[in-house]
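I've put the structures underneath this note.
Next, two complexes with chain A in common: one pairs it with chain B, the other with chain C.
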Partner chain A sequence: MATIAAEPRADRRRAAFVRSAAARIGMLVLVLAVLWGFWEGYRWLWIREGWTWPFVVDSTTMPHIHDILAALFRKPTSGTGDILLVQLLHATWFTAKEALVGFALGATFGFLLGVALSEWRLLQRGLLPYVVSSQTVPILAVAPIVVVYLGSLHVAPWFSVAVIASYLTFFPVTINTLRGLQSTDRRALELMRSYAAGRVSVLWKLRIPAALPYIFSALKVSATASIVGAIIGEAPSSIQEGLGGFIVNFNQYYSLNPENLWATNLMAALLGIAFFVAVVIVETIVVRRAPENVA
Partner chain B sequence: MSVVEIKDVGKTFEGGTTALEGIELAIGEREFVSLIGPSGCGKSTLLRIVGDLIRPTAGTVRVNGKPAPQARADRDYGIVFQDAVLYDWRTVARNISLPLELARWNRRRRTGRVQEMLRLVELGGFESHYPWQLSGGMQQRVSIARALSFDPALLLMDEPFGALDEMTRERMNLELLRIWEASGSTIVFVTHSIAEAVFLSTRVVVMSPRPGRISDVIEIDLQQPRTAATREEPRFFELVTRVREALHLGSDLDRKLAAPAAEAQP
Partner chain C sequence: MKGRYWVVASLALMAALAAVVVGAATSAGASTKAHKLTKVTLQLKWVTQAQFAGYYAAKAKGYYKAQGMDVTIKPGGPSIIPEQVVAGGQAQFGIDWLSSLMTSRDQGVDIVNIAQVFNKSGLTLISWKNTGLDRVSKLRNKKVANWLGGNEFEVFAALAKFGMDPLHNKGVKIVKEPFSMDFFLKRQVDAASAMTYNELAQVLEAKNPKTGKLYTLKNLNVIPMQKVGTSMLEDGIFTQGSWIKDKSHQALAKKFVAASLKGWIYCRDHQSACVKMVLANGPALPRGHQRWMMNEINALIWPAKLGVGVMDPTAYARSAKIVKTYGKLKKLPGHEAYRTDIARAAQAILKKQQLDITGKNWHKASVKVTPGGK
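For the complex of A and B:
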């Protein structure tokens, strides 16, 4: 009997899933179309009216979207070998690896630091100001130091880049972990006390699971920050294979082939979205909590 | 031997609020004692002192013959709060097994006990639901199952049914009595409802506020086991009236209402 009842429900659930997926894809297409329309419309209007504020619009400052897409399927003028898309995919993959390692390092370090700061008040008072001020030092100033220092230890250059990326990653994770761990429900803590639970148990079975939503919102920020860190870190490391290398290169030839730089930016953006979505997927699997509308 | 022995307990909070003063109470094995009194008279405070969740500023509390902190360390009591306080990220089964995990029971023993508890609170089939998928009454039953899972000698309950509607509440009362009989534990129960206190208890402790004191202790000699019909017995109404009068005697407001003339005179 149960199976009879379950079957149509499973069917209905699948239908609902397909419908919501279709709605999402439709929405995505619509958003892209609107963005495309804005870009081309703005371009058209500014060129027709000859407006120069805030900047002169021409094929250098705002190439056509279709030109950018077309550039992906041409060999870049300066280079030899594969079409731009293939080259960029290699570069994206290269940068993704740096960013992923940087993200993992930064998230782990950030989480552990957050736990340490929350468990030891004294440490928090002593260390937190430095953690905060670390983020006021621009990444562009930190990157060369990391490269020189790690280079003298004969560490592979891509790993230096990962460390630079982790520098941008750890901070939001630390702050949110700390906040999450300290906002544990008071009665939930009393319950643990009534069981005479040790500090590690309280941390592991209560504080950390309760902090997960906070931690994940930080990871979403960090996931994209790690890509920015990796791209910026490639320049002082003189890495040519990554997106950062391509950006520096195409930047020099911007007036000749602006489409190339735009195409590279597009790939960087797609990589960022992929990282973000990956975190969201892990979040839906890991975080079990009441839907917002349930008290 | 008393399960709970409260001797001359007082509690003054840091702010200077004296929540309790001169509390004397001994609770025997298998008793069901209700604490009743107006809001703010220190019922929760007293319960939390017994559970060593806070320390008294005067007097001593012994549970199972041991000082309260020792009893807490030995996990001698289970506690049920006014809200269920379930962990959202744990299923019903894993919420119930939380104290068992902390007491380092092995997985097989835990699973067996959780099943037993689910049957006891009539939640079989809900083990893999999450708390937010349950009604308030079901959540409260999970929290009772969790408190009972490790077989504590003493169960401390702070207005566990406060948030429920009257019908659910009466049903939960009957279930609680059934559980009490089956488990053989001693219960200290805080409530605002006179009828609930009389229906459930073997003894009702009436408290008065500012500072919180015990103003009366009333033996409830209704026949055991109690059923829905108990609520219709004349003796039930007599006892309800007894408790109500005791409550009103202990309250400042009623004292003033009873003697308005005396108040008016300079």
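For the complex of A and C:
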């Protein structure tokens, strides 16, 4: 019985997968088309009517989407050098490394801090206000301090950038870890207690697995924040190889070649999406395989 | 049960990654290769561009190496203050405008100018031809843009010379100038500050939307601060005051300045080669724009009456007076803010190599403007 039933089920599953994949791709194309239409439509209307509010629309303030894409395949400078896309891919890879390290540092620190805060109430009362206030200090003010401090320790400049990225990363993870660890099901907790489970095993076998969905939603926020942190951190660190360096440079020549800056922003956005998707994939693997979801 | 292993595995992975990275980062910083070369860091005022071509040339041509140095050139940016980088010991040498050195010193930062590379000011005020604003005196009650933050002193002194009070926005309206020249092209101000080597070219590299052709100098009034008589000295090499007291550091500084000035001499005689060296360090830079910049930068250095690198005391005194007034300094910067012995020793090294340190016969080339600076 089982073997006979399995085959059509597998087929059906495959068909469903193909259908959903097609639907997703279709949706993606549709969304992109609508966004493109909005941009070009807005542009066309504002130029035609000569509207100047909220800003004057022309090829400097809103370059054509196809001009931005075309800029990716042109050399930013005549003659020597790679096309912009190749240069930007190198820059994106450079920034991605900084952001990834910053993300790993921030997520690890954030998680451990969250666990510590949830385990020791006193620590939570004493420390949490400072954790919160750390995020009200703008990253722009923190970045130069980190660079100067770590620079005096002769640490590689990119590592300072990673630390700046981790500064933006740890906070959501700490807060959500704390929230997740505190939201364990009371009945499960009582069950564990009735088995005389120790503090460590309650944490390890019950609280942390239960907090995983919370932690992962924080990681999604942090993944994109780590890229922002890395880009901002590159400026005070004298790093020109990354996206931050390209942004400063293209900002300077914006009136001449606005497409270059837009193209750079596009790459930064794609990097953010890549980080986000990576976290989602890890989440699917980790959370879906958790015992409560397998059963 | 499986779920827990994943948690453990991912946590362990994160921790391991973090540990590896910390290790790598610190060891990369610590492993200063113990060759005979002395490690030296130079902090620039701004991002890589032809404004700093001489230093890139000195590195690329091996002039620093020949003097026993391995020089790291750190580009600047919007959030980098070279004075603080040098005072904090992150770099031995820095490049910045003399005015900003004076301001920092007034605030107690221990730095001293050891070579004044630019001997003319590149700052101008520009306006559109049809406005008729071709003299500073005509800017009364007009909107004048400047980047501010220490870059405004020359312009303020020029306006004050004709009875306006820019510090209190009386008789003239000062507005903050952004990094890009778009606002000027859109005619949002009457006059804008423009460096001959950068912003002026940005305007010329833009197309007039009405004619579809590039703007030319005929479309503009250009008022150089050099002509108004309120020019100040700009890019110079400085170092930490306490650091340079040491005899061995003085010897190092002499060699560093000699190699740097040799780089500038090379760029005077090989403009296009130097543009290539700059582009090698900033591959996304617009090439035509850099070519223009290289030529205009050379015009700020050459000819050098006193020989390149030696401070001109009259220009220094004029700069000091202007900064005192408009930078609201506590006291007038005196001669203790600079020393010429290092630059003179550097010149002696260069003379021994039969190099021309005055560039008497140098003439500005005519560089064709390219659309978009490309």
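Following the convention adopted for this analysis, the second predicted complex is superposed on the first by the 283 of 295 C-alpha atoms of A that agree within 3 Å, B and C clash if a C-alpha of one lies under 4 Å from a C-alpha of the other, contacts with A are read in each partner's own complex, and residues count from 1 in each chain.
By definition in this document, a contact is a pair of C-beta atoms (placed from the backbone, for glycine too) under 8 Å apart; a residue touches a chain by one contact, two chains touch by 3 or more.
The shown structure was predicted, so the numbers you read here are calculated from the model rather than taken from an experiment.
Q: Chain B or chain C: which reaches more residues on chain A?
A: The partner that reaches more residues of chain A in the superposed model: C.
Q: Now for A:177: first (chain B), second (chain C), both, or neither, which partner does it touch?
A: neither
Q: Looking at the overlay, what does A:222 touch: chain B (first), chain C (second), both, or neither?
A: The answer is neither, since A:222 touches no partner chain.
Q: Which partner chains sit in contact with A:205 here, chain B, chain C, both or neither? Use first/second/both/neither.
A: Both: A:205 reaches chain B and chain C.
Q: Between chain B and chain C, whom does A:190 touch in the aligned arrangement: first, second, both, or neither?
A: first
Q: Just to be sure I read the superposition right, which of the two partners does A:118 touch: chain B = first, chain C = second, or both, or neither?
A: After superposition on chain A, A:118 lies in contact with neither partner.
Q: For A:92, decide between first (touching chain B), second (touching chain C), both and neither.
A: Touch status of A:92: no partner.
Q: Let me check the overlay on chain A: which residues of chain A are in contact with chain B and also with chain C?
A: 205, 209, 212, 289-291, 294
Q: Which residues, counting only chain A, touch chain B once they are in their complex?
A: On the chain A side, the touching residues are 185, 187-188, 190-197, 201, 205-206, 209-210, 212, 287-291, 294.
Q: What residues of chain C sit close enough to touch chain A in their complex?
A: Residues 1-4, 6-7, 10-11, 14-15, 17-18, 21-22, 25-26, 28-30, 32, 43, 47-48, 74-80, 84-85, 88-90, 179-182, 185-186, 202, 205-206, 209, 276, 279, 282-289, 370, 372-374.
Q: Hey, which residues of chain A end up touching chain C in the complex?
A: Residues of chain A touching chain C: 56, 58, 60, 76-82, 84, 87, 101, 104-105, 107-108, 111, 140, 143-144, 148, 151-156, 158-159, 162, 204-205, 208-209, 212, 235-236, 238, 240, 245-246, 248-257, 260, 282, 285-286, 289-291, 293-294.
Q: Quick check on the complex: what are the chain B residues that touch chain A?
A: 48, 51, 53, 72-75, 77-79, 81, 83, 85, 87-90, 98-99, 101-103, 130-132
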